[in-house]
């Protein structure tokens, strides 16, 4: 995509970040409280160890995508691993390489951190996502279980 | 299992911890370096934020199982989530509730931490594990992708 | 798709049928012998019990898609079930409802036969196919095993 | 399993066949009508082309397991393929090789028929079954979709 830039999230992005992230949460038919919007945004900007970091994809000066990633320990290795949790592209910018550019920017950030192992989770039936993920990633046989409640 | 106790890992466990964890890594046909054994053990005992914690299952005074778990951020919530990474029972103690007791002890630790959401990843074909996981957990549609290398 | 017609395969279709079916086999990186082309085509036209039947999708008088389906016994019911095996649309006609029209025509044929249960198998990673199948069908938890050879 | 014999289903088996097959249907939380019991049993004994055939596993002279299999056309080959649909072992005879012996007898029947390709479908979460199937078979990436009703 011509004129596509990936850059760190910054304080001035709050309104656009909120719009994009809400689009992402909508995909999962999820909502978060005002407290979560505020807390997550502050943490993304904190730069502290153990906090998510954010990247914004900008096309022609307009935010059109985002990703959130985190470094955490892995018992099997000395260096951390990088967990890419959220990834979103504006519906009207799909199919133009935004998500791929965001993932590749996370790869670069992970390399710069000395933690080249990057992973993410996706729903088995996220067909559009998986068309891309099969190119930039490798499907593993790992599936996620959650604690059973109640 | 009568006489089964779950307790935090401690410094005196090093030899037994190493034996158990090696059994776990063998299951995945994996090996780790001496540096990883030493680093991971030290981190497990550190009690620091962002580090894995360890639990040992003891039957008749003998370590027969272990688990490693970690609290990390989740962008969608204020509190952390708990990632249960490693879980192992000595082959000669299987089928007696050791793994279930370890998972339930992680649930209690997560509750005590105010982070009741616990999750783990397992290979789709880990049939014996999944017989238990379907009881204490809920399968999600999430699958893991890893960065493609080379 | 305007001007889309679904009709039974006929003897005059041999060249176009061969072209379309070869496209389908290519998708699976498969080849069949001349004997299979000849035998399958003859069986498709035979109208005999236990043989596959074929449907052709025609757009503006030109064959652009095909499907092969079969009725076979099911031990759990008196009536037969309908197995939809092959389904193909010319690449330059995709996204215009050809595959959906073919599947729906199989449903009608199954209803006419008094065997309304229709099923098919698809690769877990056939993302484009599954986008359609999730609309006209329901994913089951059934997976296929093949005899181990050698 | 000592004293284990696999032999074709016969008319005198009706009561035991019904008991075993009901156990199998119970596993799937399914019931069939009296008409289906009668029709399927008659078809299994008919020996006609296109009908299921049945095998009984006998231990010490007592039926302890069954399987139903069918030959049907495959568009990609001249010879038929063999679909193994139902497979059941009495709960008190599990773990003694009954299911394996039944599957292997189907393989022999398929070879004798000149249709060596055998396949079956199983639920992704049939862990006990899959422990055996991974030995005698190969998991494919194919999943089953059913027609959506209503």
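We just call them A, B, C and D in the order they show up, numbering each chain from 1.
Convention: contacts are C-beta pairs under 8 Å (C-beta built on N, C-alpha and C of every residue); 3 or more make two chains touch, one makes a residue touch a chain.
These numbers come from a predicted model, not from an experiment.
Listed by label, the chains that touch chain C and also chain D number zero. Ranking every chain by how far its Cα centroid lies from the centroid of chain D, the top place goes to A.
With centres set at the average Cα position, the gap from chain A to chain C is 39 Å. If you average the Cα atoms of chain B and of chain C, the two centres end up 47 Å apart. One finds 26 Å separating the Cα centroids of chain A and chain B. Chain C has residues 124-125, 139 in contact with two or more other chains. Under the touch rule stated earlier, the contacting chain pairs are A-B, A-C, B-D, C-D. Of all the residues in chain B, the ones that touch chain D in their complex are 124-125, 127-128, 130-131, 134, 139.
Partner chain B is touched in their complex by these residues of chain A: 25, 30, 32, 35-36, 39-40, 43-44, 49-52, 68, 70, 72-78, 83, 85-86, 107, 110, 116-125, 133, 135-149.
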